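Pasting the structures here.
There are two complexes below, and they share subunit A, which is joined by subunit B in the first and by subunit C in the second.
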Partner chain A sequence: MANFKKFWIPILFIILAIFPPFFLSQYWLHVMIISLFYVMMASSWNLIAGFTGQVSFAHAAFSGVGAYVSGMLAVNLGLSPWLGILIGSAVAALLGLGLGYLCIRMGGIYLSLTTLGFSEILRIIITNEDKWTRGTMGLQVPGFFAEYSKVSNYFLFLIVAILFLIIIYRIIHSEMGLSFRAVLNDELAASSSGINTVRVRVLAFTISSAMAGMAGGLYGHYLMLITPDIPSLGQMFLVLAMAVIGGMGSFVGPIVGSFALEILSEYIRIYGEYHVLLFGLVALGVARFAPEGMMGILNRRWRGRGLS
Partner chain B sequence: MEGKGALVSRRIIEAKGLTKSFGGLTAVRNVDFHLEEGEIIGLIGPNGAGKTTLFNLVSGVLRYDEGTLLFNGVSLASLKSFEICRLGIGRTFQIVRPFLKMTCLENILVGMIGRQNKKDSQKEKKEEAKGYLKFVGLESREAILANDLTLIEKKRLEMARALATQPRVLLLDEVLAGLNPSEILQALELIEVIRTRFKMTIFWIEHVMGAIMKASDRIIVLDQGEKIKEGKPEEIANDSKVIEAYLGESDA
Partner chain C sequence: MYLTNGMVMGVINAISAIGVSLIVGIMKVVNFAHGELYIFAGYFSYHLSTSLGLPPLLAMPLSIFFVFLIGILMERTLIRPTYGDEMYSLIITFVLSIVLQNAALLIFGPYPNKPPNLVSGATNIFGLFHYGNQRLLSFGISIGILVFIFYLIKRTWFGKSIRAISQDRGMASLMGVDHLKVNMVSFGLGAALAGAAGVIIAPIFPVTPTGSSAISLTAFVVVVLGGMGSLKGCVVGGLILGILENLGAAYISTMYRHIFGFVVLILVLVFRPWGLFGQKTQ
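Coming up: the complex of A and B.
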């Protein structure tokens, strides 16, 4: 039974994920691609926020780093986006390492404020250095494929998202994941039990920043336009809402949250940007009344049924 | 030291002139002490005497301002608490700190991460972790969140987690507080087994006088940050300075 859950359920979902391009309209295929982008973002953010307790507001900023580094390399040096996203991801990882070190002595709200500051500084630089970034006009960049195709992009996003999820799954089920959770539970006790808490925190920051950088690069080259909206706080709060509503600290939560909120936001888009406000309010409510999110509620249901 | 014959006792921890201040308050002042391998040493003193601060200095939670502190001849001055733990000093906390949102088994597994002699397979690790849970009588609690344990169980879990780091010296901060007499007896047995079976040196803080007097080889008494007395339990019990520190003089 345990094997069934661990192995066959993911395989089932992967097989199901192959079919959408064959029956979905171009519009809904686009929604699926964006959802996969959010799966990468919310799941990698969950790795630092949900598993080590570092509620970073710089995650969207790191995706911006990945996107802009790759985009500028493509525009100025004609570098292939395939190579660009790797470099962008590496730069994001490096900045993540630096910011992670800066935040070592901080917890809770102080860390959040510092990362928020970092995020805003980056957005202001990007907006103002329009010689390089084209500012709010956006940077027009080449796509991944010679011939523009949503189907190819869908499979690219699907493969990278699965890759990320495998890495995250393996991390949280390894000794590293155990030490992540120990740090989240009680940093002092973890340190006194032989866990190098500084290393754990910085490592988590670096890995998740690298993932955000890669996701941002993919997103930019898919849309073929990179704007300061990618590293914006609006984007950050959307990712946060997805992880929180789905269920922080659970593997499946952010995946469910990403699809649910992205698809929902397509339906309520007609009411303008209010969907971010709505998600913010729902996320607040969830954080207050069901801190384990949708997955927490579902798990309790299942367990409850199992008992009776 | 007499009666030990060929066995040469060795100082596993040696502290000289240990001092720690918080602002204007000196919590530990110029304290000398040593622990010999295999000993059970009690640390007592009235509230605010600096006992837990001394533990925090030895386990690296706090840095001392002055003095020297050696573990097996290695200075602990610049080491972080995880490095001190890996060297071989394990501890429990006065106010228990298990990882509340992790299962009991996971709590123990965390303690095993930083060790030198790593087991290869996941299965072996789990088996060993279960062994520690069994040792403290929590084998039936394996899959339960630490948060759902009773206080006494949490204390045992914390002790098992400390044991899982395979320390040479175990610091126990008021493990008996809140236990009833029969539980105290069980706990004392456990401590004695830890010493004989795991060959550990035990340094413990306790307010339950009967227990600490009975189970310790040697006792150190702190008062207002200073060491006022050190000796065998019966010497301590009859010492006028110690009695004064506990009962207090009339306010002059």
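Coming up: the complex of A and C.
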């Protein structure tokens, strides 16, 4: 029974995910694509925060690095976006490795402080070096497909998101994932049983930064306009809120959170820019009263019903 | 001239950083909403003195007191349940900073507001140059606050219990220190220090809701540079950063003022990660 659920439920969802382009309007297809971008971001952020307990505030910044590296290569050297996003995520991975190496040995607080600083600095550089980045005007970049099509972009995002999710699933259910959880539960015990806690955390941080870089590159070339909003702290907050509200430390949580918040924010947008304030208050309430998020609440309810 | 500006900024940095350091040292919690409290205090003092017509000398302590109350409220409702779980306290204060920033935009609007000066005119300093009286007064008030904080922590019973708790919480509570109350008051005190820095700076550099992350960042750099939990480190670190940023802004580029802070942060992490006055622990 467990095996049946494990394999068939994801496959069912993937099959269902093939159909939206055939009946959704262009507008809702766009919302779906953006949701898939947030799935990539929130799930990869959850890989470090939810599974190793490291709070990085540079996840949006790394997606910005991916987007701008790829975008500037395309604009200045005429490099294909397909190659560009690979280079972009490699650069994000290298920066992640550097920051991770410097901070993680000093403890979680240092990583949070330094990644926050990194985001802020990146924003200042991008807005001021407008010769290269076009500043707040935004950098116009080519798309992935010669002929602009939301349907092709939808499938591209779907494939990459599924790929990320498979990698994340494999990591958290591998020996490495076991050591992640060991580090999260009891750092002292984990390190005394021979797990190099610092190396495990730096590795997780690097992988997750690379994923953010890739997601950012895809996002930039899909919108065909890269602005400093991509690496902003506001964007970081949205990703964090999606993971927290959906359920941190759960594989499904950030996926549910991304779709829920992105679709919801489309409805709230009619009333003005209040969605950040609203999501913030909801995220505070969830972090305070239900730290396992929506998935935690649902799981408890299901388990409760099973018992009665 | 740049040196003097740097020193004025330096002592204000130090006050704001001690607010962060106190909370980190005692509770192992980083308050990411620090910059927002600073901004709130600036706006409070503007509205109390300009919109309500209170004398600035009354408006300033009143604003600091309001921010102290906000700090107490934050600790009591949101931070207290997270003790021992570093990750959730980081997430909660970050979310709180975004919420407060948006609330500030909604309540106060995006425009910078400047409370009235306490004094006007300028004084000739050692026959070298003229310097604004408001800045000199700010410098004096800041020094006064620093002396008061050092007295509070080093000489009073409250300070003793703070230091006892930051060394060994379990032992301190066995000795009869009410550690929850100390936590709450010190969180309020940390917030009040952010507020103090905010009301002192507001007449010199008007505050805006969007400036808050740069303010938090400066305080964090000072805390890491001085060494986490060290008060002396905050003062020295604050002065170093204040002078460095002003010299850098004057001779290299104003746009990149905050970059110097980040460069300092990275250099400290590479060469002396425990900071100038911090303890080298594993």
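In the analysis below, the second predicted complex is superposed on the first by the 303 of 308 C-alpha atoms of A that agree within 3 Å, B and C clash if a C-alpha of one lies under 4 Å from a C-alpha of the other, contacts with A are read in each partner's own complex, and residues count from 1 in each chain.
Note that a residue touches a chain if its C-beta (ideal position, glycine included) is under 8 Å from a C-beta of that chain, and two chains touch if they have at least 3 such contacts.
Model, not experiment: these values are computed from the prediction.
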Here subunit A is shared; do subunit B and subunit C fit on it together or clash?
fit
With both complexes overlaid on chain A, does A:197 touch subunit B (first), subunit C (second), both or neither?
first
Is A:114 in contact with subunit B, with subunit C, with both, or with neither (first, second, both, neither)?
second
Looking at A:102 after the superposition, I want to know if it touches subunit B, subunit C, both of them or none. Which is it: first, second, both, neither?
second
Thinking of the overlay built on chain A, is A:124 touched by subunit B (first), by subunit C (second), by both, or by neither?
second
Let me test your reading of the model: by the given contact rule, A:181 touches which partner, first (subunit B), second (subunit C), both or neither?
first
Specify the partner with more touching residues on subunit A, choosing between subunit B and subunit C.
C
Touching A:147, do we find subunit B (first), subunit C (second), both, or neither?
neither
Taking every C-alpha pair between subunit B and subunit C in the superposed model, the minimum, in Å, is 7
Overlap of subunit C and subunit B interfaces on subunit A (superposed complexes)
none
For a test of understanding, state which residues of subunit A touch subunit B in their complex under the given definition.
175, 178-179, 181-182, 184-186, 188-198
Which subunit C residues qualify as touching subunit A in the complex?
24, 28, 30, 32, 77-78, 81, 86-88, 90-92, 94-96, 98-99, 102-103, 106, 213-214, 216-217, 220-221, 224, 228, 255-256, 258-259, 261-262, 265-266, 269-270, 273
Interfacial residue positions of subunit B with respect to subunit A in the complex:
59-61, 80-82, 85-86, 90-91, 93, 97-102, 106, 109-111, 113-115, 161-162, 165
Interface residues, subunit A side, partner subunit C - complex
49, 53-55, 57, 102-103, 105-106, 108-110, 112-114, 116-118, 120-121, 124-125, 128, 233-234, 237, 240-241, 244, 276-277, 280-281, 283-284, 287-288, 291
